[in-house]
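See structure below.
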Amino acid sequence: FDKDLYEGNDLAGVVTGLAWTPVGGDILFIETNLSKGKGVLTLSGQLGDVMKESAVTALSYLKSHADEIGIDYRVFSQYDLHIHVPQGAVPKDGPSAGITMLVSMASIFTQRKIKKDLAMTGEITLRGKVLPVGGIKEKILAAKRANIKDIIMCYKNQKDVEEIGEEYTKGLTFHYVNYVEEVIEVALLEEKVKKPIVFTFTEDKKDC
Amino acid sequence: FDKDLYEGNDLAGVVTGLAWTPVGGDILFIETNLSKGKGVLTLSGQLGDVMKESAVTALSYLKSHADEIGIDYRVFSQYDLHIHVPQGAVPKDGPSAGITMLVSMASIFTQRKIKKDLAMTGEITLRGKVLPVGGIKEKILAAKRANIKDIIMCYKNQKDVEEIGEEYTKGLTFHYVNYVEEVIEVALLEEKVKKPIVFTFTEDKKDC
Amino acid sequence: FDKDLYEGNDLAGVVTGLAWTPVGGDILFIETNLSKGKGVLTLSGQLGDVMKESAVTALSYLKSHADEIGIDYRVFSQYDLHIHVPQGAVPKDGPSAGITMLVSMASIFTQRKIKKDLAMTGEITLRGKVLPVGGIKEKILAAKRANIKDIIMCYKNQKDVEEIGEEYTKGLTFHYVNYVEEVIEVALLEEKVKKPIVFTFTEDKKDC
Amino acid sequence: FDKDLYEGNDLAGVVTGLAWTPVGGDILFIETNLSKGKGVLTLSGQLGDVMKESAVTALSYLKSHADEIGIDYRVFSQYDLHIHVPQGAVPKDGPSAGITMLVSMASIFTQRKIKKDLAMTGEITLRGKVLPVGGIKEKILAAKRANIKDIIMCYKNQKDVEEIGEEYTKGLTFHYVNYVEEVIEVALLEEKVKKPIVFTFTEDKKDC
Amino acid sequence: FDKDLYEGNDLAGVVTGLAWTPVGGDILFIETNLSKGKGVLTLSGQLGDVMKESAVTALSYLKSHADEIGIDYRVFSQYDLHIHVPQGAVPKDGPSAGITMLVSMASIFTQRKIKKDLAMTGEITLRGKVLPVGGIKEKILAAKRANIKDIIMCYKNQKDVEEIGEEYTKGLTFHYVNYVEEVIEVALLEEKVKKPIVFTFTEDKKDC
Amino acid sequence: FDKDLYEGNDLAGVVTGLAWTPVGGDILFIETNLSKGKGVLTLSGQLGDVMKESAVTALSYLKSHADEIGIDYRVFSQYDLHIHVPQGAVPKDGPSAGITMLVSMASIFTQRKIKKDLAMTGEITLRGKVLPVGGIKEKILAAKRANIKDIIMCYKNQKDVEEIGEEYTKGLTFHYVNYVEEVIEVALLEEKVKKPIVFTFTEDKKDC
């Protein structure tokens, strides 16, 4: 991981996560992309098994909560979804990008903007719980260095934040959550991105 | 495994199991989720081969007993089923979550609530037998710590329970069973969850 | 393998086999289950490659002899077949469950009962020959302990039986066979199980 | 490999091959079976990669020479083909069963009988050449012991036969061949087996 | 890698990349080819996982930006795409061919010529960022030796270029970019290749 | 590899290649076969990954140049193609059979004869370049021993030929080429083979 900086919220589906690495924390970008297709999911960026399962779990959550989040269900079967995590040669794994991937997909499916200067870390479960993750101190240092202002994480990680000296957390706002819907509430703006995708659907497919 | 607490019965498809780990017993949650689809089964949570086979066996049992349990058969081919076992990075295996996964699926397919304060452990077979499992003492200790009140297990595990001092089992009610239908009888309430899924089906598909 | 006891013949598709294990013989149960589907075959119970090939070979035999055995051919493409061999965590392999799996499938496809107190061991070939298998002495001891009364095996195993003292074989009836049709003749009763599956078929599919 | 004996020519698709093993030659049986289906090929009997490629090559040859051999082409897409080589637990590999597998398939597709007391060994190529194989001496001894009278092999193996003392080859007739069509000429009788399969076809499928 | 020379821009889909190898830099050719089909992607040339993910990411980018780039979307589902990187026996990996593969595909899909005497190196991300890569010095030396005149790379690689003595970069024009659209702007000429493919499409497929 | 001799040009799709082996050069035969099907490609003869990629690359080249070469495009989706390289038990790899496989496929698709007494060696690329290969000396010796008269190879291999004493190349005609179309020009006769396949096509498939 090179050390990256926050890069704005112009694009749907690009969300900033926080990663722990053996050489310190870093931010990472989840990039998600839709194209007309048949509901194929592609994952790239040298993702390990746990991280791939996180992505699949996030997608299942969104499918079964599409109405609440405002996603037209037909997008799941009439568009292909690709999630990429740069840099392409760096192996990545672990469940802590769960909420980041979920927000990235929610953004691309709704074309809504992501809150500015925001990063996040947290495991998700299929029913929509957010679980605590490790490496909080390193992740917070990395967030500051990358110009992040707001961070979403699990309530159970609050104690990890409080153990860190205030000089390290000054200027950062922490959004503690227990459920995915709180994550979406914080992360997704009502506003759509510039030039949003105008989804087109064929009539609901029948197998005959 | 961190040590978890019982978390209520508000959601369909979320069932509490008992797990043995090298550092003692713990509860685990089986989460199951349905979304419109084509009958695809997804398993996540770093499940080993034996545990995956348990899930598939439980699903086959439900398919061939759908009428008795009150499941509309079309759900198997017109919805996708995802079973996830948090925490996503912890490898899990063994057959002892068999009945827990079966109850989780039965709940999601019927939208019926799970009995409150209930946990369970037991292998299932394809014909619906419940088989005994190991680690009973540790599992019972974990259940108490997690605020569980009722436990389902195989009759053949009764002797393991009786070997444990009464001070450890006080306050716990044991439901010994031989067959899956007894498990469902104990675990699934008649009452449906709040905001149950309203299943919609296309006419029975023909491969015309 | 724990040591199991014979469990009756109430269910279609549940057949008792004889297994050799490093710690002595045991009986095992083959369980087979049908559900509306598309002809998918699922095998579970930690079966090794040879045992999986046995199952597939047995199924091919039944498909090409469906008329003689009284199986409606459409069941092969309009139902899914699942074969499970408990206990789910015990690895199993070898060809000697061939005839047991074949009888299990024949029973589920015809809904006919299995002869009571019967166990069997023997490899099958695709043309329907029954081949001898090893571990006969241990298997016979296990059969007696499990309350089995009748045993089917290959004629070529008769010499293995005769080498065993009569005190071990007393009370057991041996059915020596050369061909699968003899196995079915002995094992499958005319009588159907209680509440047999009432198969329903769509008209023969055309790929129109 | 146990030592087997020749078993007659009553069944279509059962052909006797000659195998070399570390403990001497043996005969082996290729069994082939057809059932209504979609053109799926199943190979079983613990076959290695080279042997599987031989089977696929033999099938391709038959498909592209169906007319000459008198095979209704629709059988390739409207029936499933299973090739099994007992004994199921014995690993087998090598190209020398090529002509045996080809004759087995030709017999099942045409329902013609195999010449009596015949065995064979030889690699095939896709264009229909027969190539020489090894282990000729051991194979001949095994053929005699198994009561074989006629043996088909490649012309290039004639020198291997001539190196063996006449006392070993007495009573055996050798059919040396260069091409698959000569193999079929020798091995397949005009006569059909008893109760031949009566093939039924749907009209030629259109992907409409 | 043998040392290759630049080979002109007559063909659509043939683009020159810069590679780092243990024995120095080299140019490599990305070759892309379309044929009527169903949207199948084939990658060859002993490409490693990271390089394959680069290709898939480039293709996803093009699919979701087809309109801007002037690609008829139906080409993605009605033609098959093959990307090959000679020499076929040399293993290749890494993300640095990302922009080269993207330009190759953009060229074949639009049938537009590539700028003459041009080479490039740079990772791409799914949202269209260009990332810096390593081995810049060796790559520049290789480009000169191969008669390249123009090189595209990431702005963040400018510092690597400036560290190299001017005698090595004389005669080379560097095009520093941050986004894929700048790469396409530089690399793709308006002019089409001689005898461009005339795409033919069936009406937009419906699944019924 | 046994040492083989040239075997004539009677059959479409059978082409002679030159191989380098640790025990000297040899000729090898590429055999290609078509049968009515759905465009499935089968490769056999224990081919390594590089050699399989060569075959796939050759096929892609032919698909995108079908018109020029005179191939009815529908053959790619309505026939199955099998490429086999005897001897079946000998592992083979490397890119040098690229042009040989391409000529074999071009011959089977057009049913045109191969030039007599011809062998060839050379890698192909997707755009149709022919690349030099190694082992030229050994290959030439093998060609002479096998009664070959004409050899096709890459211009860049000319220097390898010239390094060999004239006594070894006497009687051989070398055809140096840079592009696949030159290979086809030399290798494929206008004349068709005896009894050419009469291709039959269903109307162009629609996914209705």
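The first chain written gets the first letter, and so on, giving A, B, C, D, E and F; residue counts start at 1 in each chain.
As a working rule, contacts are C-beta pairs under 8 Å (C-beta built on N, C-alpha and C of every residue); 3 or more make two chains touch, one makes a residue touch a chain.
Every value quoted in this text rests on a predicted model; they were computed, and no experiment measured them.
Between the contact lists of chain C and chain F, the overlap consists of D. Chain centre most remote from that of chain A: D (centre = mean of CA atoms).
It takes 60 degrees of rotation, in steps of 5, to superpose the Cα atoms of chain E onto those of chain F.
A separation of 29 Å divides the Cα centre of chain C from that of chain D.
If each chain is reduced to the centroid of its CA atoms, chain B and chain F end up 59 Å from each other. Rounded to whole angstrom units, the spacing between the C-alpha centres of chain B and chain D is 51. The set of chain F residues that touch two or more partner chains comprises 206-208. Taken as a graph of touching chains, this assembly forms a single closed ring in which every chain touches exactly two others. Touching chains close into a ring; read starting at chain D and passing to chain F, it gives D, F, E, A, B, C. Within the complex, the chain A residues that touch chain B are 49-50, 53-54, 56-57, 60-61, 63-64, 66, 73, 76-77, 94-95, 98, 123, 125-127, 129, 131, 206-208.
Of all residues in chain F, only 11, 13-14, 29, 31-37, 42, 44-46, 80, 82-84, 86-89, 202, 205-208 touch chain D in the complex they form.
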